[in-house]
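Two complexes are shown next, each including chain A; its partner changes from chain B in the first to chain C in the second.
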Partner chain A sequence: MIFRVFAREELKKLFDAMASKNKIVGPVEIARDHNGKPLFAFNEVNSFNDIKLDYTTTKLSAKKYFLPYKEDLAAFRMDENDWQKKVDYNISEPFIFFGLHACDINALNKLDKVLMGSVYPMPYYAAKRKNMFIVGIDCTPQPYCFCRSMGADTALHGFDMFITDIGEKYFVEILSDTAFNFLKNIRTAEPIEADHIHYMKVASEKNKKFTAHVDTTDLTKILDMEFQSDVWKQWGEKCLACGSCSKACPTCYCYGVEETVDINLRGAKKTKKLYSCNLIDFAEVAGGHNFRPERHVRLKYRYYHKHRGFVEAYEESLCVGCGRCGEACLANITVPEVIASVRGEEN
Partner chain B sequence: MDNQLKFTDIISEALQKQHRKSDLSTFEYTYKAEITNIHRLTEMENLYRIQIIDTEERRQFIFQPGQFLMLELPGIGEAPFSISSSPARHGDVELCIRKAGNLTNFLSRVGRGTHVGIRGPFGTNFPMEKMHGQNILLVAGGLGLAPLRSAISYAQDNRSRFNSVDIIYGAKDPSQLLFTYQYDMWRADDIGLSIIVDKPDSSWKGPVGLVTKILEQMFSERGNPFFKSTYAIVCGPPVMFKFVCNMLNQKDIPMQKMFVSLERRMHCGMGKCCRCNVGSTYTCLNGPVFDYWTVMNLKEAI
Partner chain C sequence: MDAGLVRTYLGVPLYRPKVAFFEFSSCEGCQLQLLNNESSLLDFLALVDVVNFREAMKEKADDYEIAFVEGSITRSDEAERLKDIRSKAKVLVALGSCACFGGVNQLKNRFSLDWVKKEVYGNSPVETEPVRPLGDVVRVDLKIFGCPVKKEEVEKIVTNIAVGKAVAHPKYPVCTECKANENICLFDLGEPCLGPITRGGCDSWCPNSRFGCWGCRGPAEDANVEQLKKIMKEYGFSEDTILDRLECFGGFSAFADTLRKSGEKNKGTSA
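Our next item is the complex of A and B:
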């Protein structure tokens, strides 16, 4: 790994060098909540001043850029008795994520495993993933963040460069050649011992700020043992089955496919829409049978997929501990509380 | 350095026709196929004969009994169906389809010559080769005969490789019996066939009740050594295969020698949409065919 440091004012120059010829997506403030606190989102940005690099967590993850909520998988052109299928992966140019937190980079790394693994890799995702350049940025743990428990508080790969604010300077980790070349646009220096010390200080300060935790010890086994536990029913009674949790989550990728005929009857579309396993008809089949008719069974399934199924398949959880689902939930269902209750711990 | 990123174009790869599971272009690749015949089996079910149009692609379409494909009617929908024909016929398949919703009802109204799309084959299969040299017992309830019919065709095509081949088939009433025109052919190939209906009509002369009744009869007629060298394939509603498999287990057929096919909602067939998950298992990748031991160990399976 290559490290560099650069002065604070250089960051804007780096942004400008990148923005001169590329599309940039970054965290921006979109509104204020009723307490006057800013609400953040990932949007396309044109100016460095629009980016809020000290943002907390965006309400929704960045997934509209790699797993759009609605995406056409194919279009058909219909003639008399025949049709032609045209497949489009819905991306035409590369883009830069400027300012992703470690949890969101880890979320991409996890999605890569299922969506770009060896069995039926998904080109719609792969095309976007292969065309994103990622600038990571360090963050301050919020009360709902438990990424440290999930091992997602630092990103080891899956980005091009990662910037940490160490006071007077920025400390940057460089993972790709492209990133290295971009940095030639600004003045950087080899870090000196004092920079290392500042970096380590920032890292240890950050660690002290975590307040939310999830105990993942033996969690897969515990989830199996407590599969019939009544705590699921209690959570199920609270759950509104609205699916907001999945919508906010950076790693929820489940979907449904629908086909529609164009109004002029000369074409048709096959459309993928992200779905949530908490919605009532997720596992309903033709004829009306529903394999998961109750809310608690669907809620349990969501936890089961994230914290057990994925671990079984990839030796890691599908949850990065960003806390977005808990923040989005109108019923105040949060991962740390649900897992603690399944473990029989009082909160 | 030029600050402009280079665009990686993976769609150009898609133009190459390759259908390996690891190729990006496989994902949305559809074989264009034609409905060459529609045979009305019952009021609710039709048998569609569907042929991949490109002869080379048709030849290369290789599947095993128990696997399914995704059938697509552009603009109407796409859904999974078990292949109901002999694997020897490659991409000239037969699907037995019940009217159940959007796509299936629409299909019941189209005619010969309609062009459809096919993706697949997907999923696990009945391990027919492992069963060589043994008896096979095929138990079907209702539409469960559709996937079983491919295994039956395999047994017909390779009759000398099996000892006894027996089908036990149960339907609600005689009007719902599928593939009635084939029963004599199966018997002619020395395949035992017992049919039972739950609600007989006035013309029904056969046994009345559930498949388990025939099974009990079989238990009393054949000794334990017979069951010791028997593989079973059980297709039908979950309650039915649970009963049947538990009965067979009492006859010392190990659970690993019994196979069932699970049905779940599916939107991709490739382990991506997660609609088919049973606990944390993908029915489309790890199934639909599972041995009974695995099913017993799946959370939320039955």
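Our next item is the complex of A and C:
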């Protein structure tokens, strides 16, 4: 692993070097909430000043750039007695994520396993994933962050460079030759002993700031045992079945496909839309039978996929502990509270 | 009827049903929605043979298969006319919130008819009844929700009917589409919104413009109204704010009635 350090004012130069030839997506402030708190989102940025690198958490994850909420998988052109199909993976140029937190990088690593690691990779995802360059940035744990419990508070791979603010300097970890070459545009130096000490201090300070936790000890077994637990019904009573949790989640990838015919009958489209297992008809099949008509059963299914099924398949949870689902939920259903209740603990 | 207009789909000529449009007590805005997008109007007319559409043409015929009916029923002669339409149409479609739920018109049902007549017509009273949705008078085969209906949705439904695809409404609430549109949640901005309980399909039309949902499409299929009432309270909105929205279009009438009665009871005990 290659480490470098650079002075604070060099960061803008690095951004400018990247932005001169590339599309950049980064965290920006989009509004203030009714308490005056800033709300963040990932958007395309043109100027370093628009980026908020000290952002807390974006309300929605960055997934619209690799798993769009709505995406045309194919377009059809229909002539008199014939038709033609056109497939577009919907990416026209490579792009740079400037300022992803460790949880969101880990989310991409998990999605890679499902969408690129299987026998049938999803080309729409792969095309975007292979064309992204990622600059990670360190963060400050928020009251809803439990990434440390999920082992997602640091990213080991899946990015090109990762920047940590260590006070007077930035400490950068380099994982790709593209990143190494980008850094030639600015003045960097080998870290000295004092930089290492500053880095370790920042890391240990960060660890002290986590307040939300999820106990994952034996969780797959406990979820199995508590399949019929009444706590699911209590959470189901609160659930609005609106799917906001899945929409905010960086790893929820379930979707539906709809085929529509243009009103002029000359064209048609096959469109993929991200769906949620909390929506009423998620498990409705042809003929109208619904395997999960009850809210609490659907809510439970989402937790079982994240914290049990995925763990059994990949030996890691599908949850990165970013806390977005709980923040998006108007009914205040949060992962730490749900898991604690299943374990019979007060959170 | 111009035979040259008949469309083919993958080489197969499509059956072009005769359709008629009618309105009862309403603003006729839903019908206007269908007319005000000129770019697709001719394609729309190629799929169906419109034989009766007062807002768009002067010809009138009673020979139709599909009747699109806008508005609610507020007079006895309207009920008779609707029954006549039903007897002639193979398929009757309720077009818009008034036809589906009574719409804004049904707000008058909260008051005594005498008071309503006096308030609106003064000394020249006219006959009026409590507002009823079409389904309370005749059998309705398909409901198209919204105040107004969304033109794209109606066009999709008509296209699906023409090519023989099933017509299905979203069962999920507005939030599902609102999040996909990356809107800021109106609750975060301190605004009330019925998005979590209202049927989607409108592509979160109002929240896209930072305007909270008023529930014009009626309840989603698993609407958790009780929970939303609690949430509205936590966010500091009064019961009247919730009630105003729940009763505005009539889709939530059962919930609104319960809430209104409990509110009156509470006021009674505190007085």
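A few notes on this one:
Methods note: the second predicted complex is superposed on the first by the 347 of 347 C-alpha atoms of A that agree within 3 Å, B and C clash if a C-alpha of one lies under 4 Å from a C-alpha of the other, contacts with A are read in each partner's own complex, and residues count from 1 in each chain.
Just so we're on the same page, a contact is a pair of C-beta atoms (placed from the backbone, for glycine too) under 8 Å apart; a residue touches a chain by one contact, two chains touch by 3 or more.
Note that this is a predicted model, so its numbers are computed, not measured.
Once the two complexes are overlaid on the shared chain, A:T260 sits against chain B and chain C alike. Contact with chain B, but none with chain C, is seen for A:F133 once the two complexes are overlaid on the shared chain.
Shared-chain residue A:V202: touches no atom of chain B or chain C. In the superposed model, A:S244 lies in contact with chain C only, and not with chain B.
Of the two partners chain B and chain C, more residues of chain A are touched by B. After overlaying the two complexes on the shared chain, residue contacts for A:A340 are found with neither chain B nor chain C. Touch criterion not met for A:L156: it reaches neither chain B nor chain C.
When the two complexes are overlaid on their common chain A, residue A:N81 makes contact with chain B and with chain C alike. Residue contacts after overlaying the shared chain place A:A313 against chain B, while chain C stays out of touching range.
In the superposition on chain A, chain A positions 78, 81, 83, 260-262 are in contact with chain B in one complex as well as with chain C in the other. Within the complex formed with chain A, the residues of chain B that make contact are 1-8, 10-11, 14, 21-28, 30, 72-79, 100-101, 104, 113-115, 117, 263-265, 267-268, 270-275, 277-281, 285, 299-300.
Chain A meets chain B in the complex at residues 17-18, 20-22, 73-74, 76, 78, 81-83, 85, 87-89, 92-94, 96, 114-115, 118-124, 126-127, 130-131, 133, 178, 181-182, 184-185, 224, 227, 253-262, 268-270, 275, 277, 282-287, 291-292, 297, 301, 304-305, 308-310, 312-313. The part of chain A that touches chain C in the complex is made up of residues 30-31, 33-34, 39, 41, 59-60, 64, 69-70, 78, 80-81, 83, 237-244, 247-248, 260-265, 273-274, 276, 279-281, 295, 328, 330-331.
On chain C, the positions that touch chain A within their shared complex are 7-11, 14, 40, 43-44, 47, 155-156, 158-160, 162-163, 165, 171-173, 175-176, 179-182, 184-185, 187-190, 195-197, 220-222, 224, 227-228, 231.
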